[in-house]
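See below for the structure under consideration.
Note that the chains take the letters A, B and C in the order they are written out, and that residue 1 is the start of every chain.
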Amino acid sequence: MTVRKTYKLYIGGAFPRSESGRVYPVTSSSGDLLAQAAQASRKDVRDAVVAARGAFAGWSGATAYNRGQVIYRIAEMLEGRRDQFAAEVAAAEGLGTAAAEGIVDASVDRLVWYAGWTDKYAQITGGANPVSGPYINYSVPEPSGVIGVLAPQQSSLLGLISVVAPVIAMGNTCVVVSSFARPLPAISLAEALGTSDLPGGVVNVLSGSAAELAPWLAAHRDVNGIDITGAAPEGRANLLRSASDTVKRTYSPAGGRADGPGEEDWATEPALRRMAAFVETKTVWHPLGI
Amino acid sequence: MTVTGTQQSEITRDESSLRRFLHGLPGVDQVGAQDRAAALATRSIKTTAKAWAIDAAISMVDLTTLEGSDTHGKVRSLAAKARRPDPSDLSTPTVAAVCVYPDLVATAVEALRGSKVGVASVATAFPSGRASLATKLHDVREAVAAGATEIDMVIDRGAFLSGRYGQVFDEIVATKAACGTAHLKVILETGELVTLDNARRASWLALLAGGDFIKTSTGKVTPAATPPVALVMLQAVRDFAADHGAVRGVKLAGGIRSTKDAVRYLVMVNEVAGEQWLTPDLFRFGASTLLNDLLQQRHKLATGAYDGPDYVSMD
Amino acid sequence: MAIFDYAPAPESRDLARLKPHYGIFIDGAFRDGTGEAIKTINPATEEPLAEVAEAGVSDVDDAVRAARRAYDNVWGSMPGRERAKYLYRIARAIQERGRELAVLESLDNGKPIKESRDTDIPLAAAHFFYYAGWADKLGYAGFGPNPQPLGVAGQVIPWNFPLLMAAWKIAPALAAGNTVVLKPAETTPLTALVLAEIIAECDLPPGVVNILAGGPEVGQALTEHPGIDKVAFTGSTEVGKAIQRALAGTGRRLSLELGGKAANIIFEDAPIDQAVEGIVNGIFFNQGHVCCAGSRLLVQESIADEVLPALQRRLGTLRMGDPLDKNTDIGAINSAVQLARIRELADSGDDEGASRWTAPCDIPDRGFWFPPTIFTGVSQANRIAREEIFGPVLSVLTFRTPSEAVEKANNTPYGLSAGIWSEKGSRILWTAQRLRAGVVWANTFNRFDPASPFGGYKESGFGREGGRHGLEAYLAY
C-alpha cells in the first residue's frame, strides 16, 4: 500500500490548499487518476501576488551572484530528484522513461544556463553610454517587478522551467499558473523550491485553470508583467487587452495572435528574449567635476 | 536667517570652529556651476541695455598696471586716462580707481587729485604673498600712508590649502586693521585654490574676517577670473548679506578683456547677486585692456560704425 | 523699473520661412490631405501661422502602402552603409537649416528660442548622426548576428518637442531598415513638415518616410492600421493604454513613452545652488511640457526653509514672454486646451489646501500663458502630487530620511525619471538603485543625449529610445 501524496499550492513559501477548497482530478496521459490537485481560485491569485510583491525587494536586491547560486541550487535539487521528476513527467506527458529522463536533464541544463545569466545579463545589455558632455552615464537592466506566468500546457517541466527561470534570474518574482492537465511536476518542483535556498514568495505556483485565473493576473494592478505562453491562443488578445490597463509588460507567443504556431520547441536553447521581456533599463547620469 | 554678532564670533572663535563652518558650507557642483554660468552668458544684451552696461562697466573698472617695468610716467598717463577715458566724448564716465604697486601710490594720488577716481594698491607682498606678516603689514601701512584709498591684499594660499584657516583669517583681520579707513579687497587667487568648493570657503573666510571686497585673482596666475568662480563669489556675497546683514563687494580681475565678457559678468551680477550690486561700490573689474574695448564698443553704439584702435588712447 | 533693463532681443521671425500652406508628405511628394485643413497658430499671440493639410483615412492608407512599397523594394534590402549615408545627410541638413527650424519651432510651439536653438534642433541632428552610425553595424548591437527590420512603423509624437521627437522616432527606425509613417501633433506640425522637405532634398527614396499632419483620429487610423508592423507612440498614458489595448492580439510590436510625475529629491547635503538650478530646469524647462519633468520636489525637511526662499528668489529672475526673444526663459503654453488643464489642476491644488506661490512675471495680453508656480504644503494624496500637470507647476513635499524619500518618489503609477541631489556618492548610488524610474539624474536634471537610453518603468511606458537600446524597438531577432 503506497502512501499517496497531496498536491497543494505553493504561496509565499508555504503549501496551502486552495482558499476555495476546490480540487480537481489529474490523470495520466492514459487516463489513470494520478491525484486530486488543488484548484486555485482568484483569491489564491490575490494572495500569491501579495506574497510575490513581499518577496520582490529582497530578491531584486540580492546580489546577482547570490541569485545565480540559488538558481543553480534549484538545478542541484532537480538533479537529486531526477527519478521522481522523470516518473512524473512520463506520467503527465505519456513519455517513456528515457525520454522523460531526457526532459529532466534538459530542465537541469536550462536552470544552469539561466543561473549563469544572473551576473552576466547586465554586462551584455548595460554599460557606459558615451554622452557628449561632462557626465558619467550608465544603463543597467533591472527587474520589472511581479510577473504573472502562464506555464505551457504541454511541457509540464521543461516548459515550466523555461518560462520561470528567466523571470526570476532577472530578479523578478512571479505567480505561475501551471499546466492545467499536467500540474504534478510543477507542484513537485514547488516542493523542491520550498526546500531550496529560494526565498519564499519569489516563485508562487498555482495549479488550476489558466482560463479562469489568467484574467485576474492580467488585470491585477500590482502585477507588472505577464507571460501568457500557457494561455489558449483564442484567449491571448483578451489577456493582452486587459494588461494594457496598467501598461503591463507582456510576453506572448506569436505576438499575441490567435493564429500562431503551437507550443514552442522547448529543447531549443533559448535566446535572451524571455529575460529581456521583463527587465527595465535604468539610465543614471552624474556630472564629472572636481 | 540672520546671524548675530555673537554667532559670528562663535564661528570665528578658533581654528576648529572656523573649519567646521567652512566645511559645512554647501558643496559646489562644478558642472552645474559651469552650466549656470554658461546659461547666463547666453543673455542677449542689445541697444539701450548694452549702452547702459558699457557705461556701468567703465565706471566699475580698476584701471590697473602691475608690472616690474612700471614707472612714474606710466602711472601718470594711466591716471590721465582714468580721469578722462575718452577725450572725444565727455559723457563717458570715469573709472572707479587706478590700481598700482605701493611705491607708485603717491604718484597716482598726485595725478588724480581733485577727481573722484580712487587709488588702489596691491600690498601684502603681492602677488605671491610669501613674506612675513610684519613685512606684509608694513607694505599695507606704507600704501595707506601714501594715500591709497583701497588695498588689494592676497591671502596666504599655502596656509589655506594646508587647512590653516585661522592663520588666513587672522592675517585678513590684521590687514584690515592696518588699512584704517581704506577699503580692503581680499584676493583669493582662485586659480591656485583650484576647486569651486575652495573658492566658496575662501570667500566666506574673507567675508567673515571683514574684507570689504572679495577679489578673484592677482592677474598673475592662470586661470584668473572665470565665470564659474565669479558665480560662486557672487553667491557668497549674496548669502553673506542675507545671513549677516552686511553687503560686501566682488572684484573680478585677470583675463577680462572684451566688452562681451564684461557685459556677461554684469548680467551675472544682476541675476545672481541682485541689482543692488550693480554699482562701483560693490562690483569692480580689475583690468587694463578692457577699458579700450569698452570705449570702442561705446563708439560703435554712438556712430553705428565698427571702431578701430587708433581712435582710443593706448594707456 | 530695473536698473539693468534688458532690451528686447528678438530673433527674426523671417528666418522661419513660414509658408501660407503646408501639405502632407506621402511617397516622396507633398499633396493636399483629404481631411479638413488645420490652422496652426502661434500660442504666444493666438495668430494663425499657416494652414496645414490634414490627412484623411485614405491618406493614411496611401502612406502605409507607400511605406510598404519602399520597404519591400528599396529600403529593407538596402545595405546598411547606404542607409547610413542618407541618415548622415539628413543630420547635416538639419544642422544647416538649424536657425530656420529653431525659429519655426518656437513660433509653432511657444517654447523659448534659446531652447529650440540650443536643445531641440541640435539634439535632433545629433540623433540622426548617432543612429546613422548604427545602420551598418546592427549585427554588433546585441540582438543576434543578423537582426532584421520589422517593416513599416507607424509613429505618433507629441507637441512638446516636435522636431526632436520626430528625430527620436525616425532615426532608429530607418537605421534598422524600417520605413515609417509619422504623425506629428495637431498643434505643432510645421517642423516635421520641414523635415519632410529636408528628407526630400536628401533624395531619400520615396515612401521611406511619410509624414501626415492630423488630429487624434488620424493617429488612431495609423496606429490601428493593419498594414503596419510596429507602432511607436509618445504621449499621454491614457492614449498609450488605448493603443496597447487596440494592438492586443494583432502581433504588431509596440513601444510606448508615456507620462511621468518625477520626484526631484534634494538631500540636506546637496550642492544647494546647483540643486536650485536643477529644480528650475527640472520643472520650468519648456514650460514644464516635459514628460520627465521634475514635477514633485522632495526636499529634506532640515533644509526646506533654506531651499524654498532660494528657489523663489531664483524664479524671480525668470523672464516670461515672447518666445522669439533670446532672453526669454519661459515661453507660451502650447494650446488653450493645455492651459485649461493646467489651470484646472492648479485650482485643485488650492481646493485641496496646498499653498500657491506664483513667480512675479508680467503676463502678455494675448496668447496662452501660465507663470511659474509652486505649491507648498502638498501631500502625496493631492491631485497635484499624483497627476501629470504638464505645465510649469511644482509640487513641494518634504521627507525626513532617505528611505522615506525613496518611498515617496516611488509612490506613483509612473516611473519615467527622477532626480537626486547630494554630495555623498554612496547615498546617490543607493538612492538611484532604489528609484523605480527609467532615467535617474543625479546632481543634474533634464539631460538628453542620443547615446543615452530614455524611457519609463510602470505606466510611463516600455521600450527605450536612444542608444543601442533604442534599436531594439525596430528589430526582429
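The working rule: a contact is a pair of C-beta atoms (placed from the backbone, for glycine too) under 8 Å apart; a residue touches a chain by one contact, two chains touch by 3 or more.
Computed from a predicted model, the values in this text were never measured in an experiment.
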- Message: Quick check for the class: compute each chain's Cα centroid; which one is farthest from the centroid of subunit A?
- Response: B
- Item | Contact-richer chain pair [A-B vs B-C] | B-C
- Note on the structure: Separation of the C-alpha centres, subunit A versus subunit C, in whole Å, is 36
- If you average the CA atoms of subunit A and of subunit B, how many Å lie between those two points? 69
- Length of the line joining the C-alpha centres of subunit B and subunit C, rounded to whole Å: 44
- Message: Residues of subunit C that contact two or more other chains, please.
- Response: 443-444
- Could you check subunit B for residues that touch two or more other chains and list them? 29, 31-32
- Task: Could you tell me which residues belong to subunit A and also touch two or more other chains?
- Result: 135, 287
- Query: Contact residues on subunit C for subunit B in the complex?
  - Reply: 2-9, 114, 118, 269-274, 277-278, 305-306, 317, 326-327, 423, 443-444
- In the complex, subunit A touches subunit B at residues 134-135, 287-290
- Task: In the complex, go through subunit B and note every residue touching subunit C.
- Result: 1, 26-29, 31-33, 35-36, 42-50, 52-53, 56, 235, 266-267, 270-271, 275, 278
- Message: Quick check: in the complex, which residue numbers of subunit B touch subunit A?
- Response: 29-32, 34, 194-195
- Complex contacts: residues of subunit A adjacent to subunit C: 124-125, 129-133, 135, 137, 139, 144, 224, 236-241, 243-247, 249, 254-258, 260, 271, 273, 276, 280-287
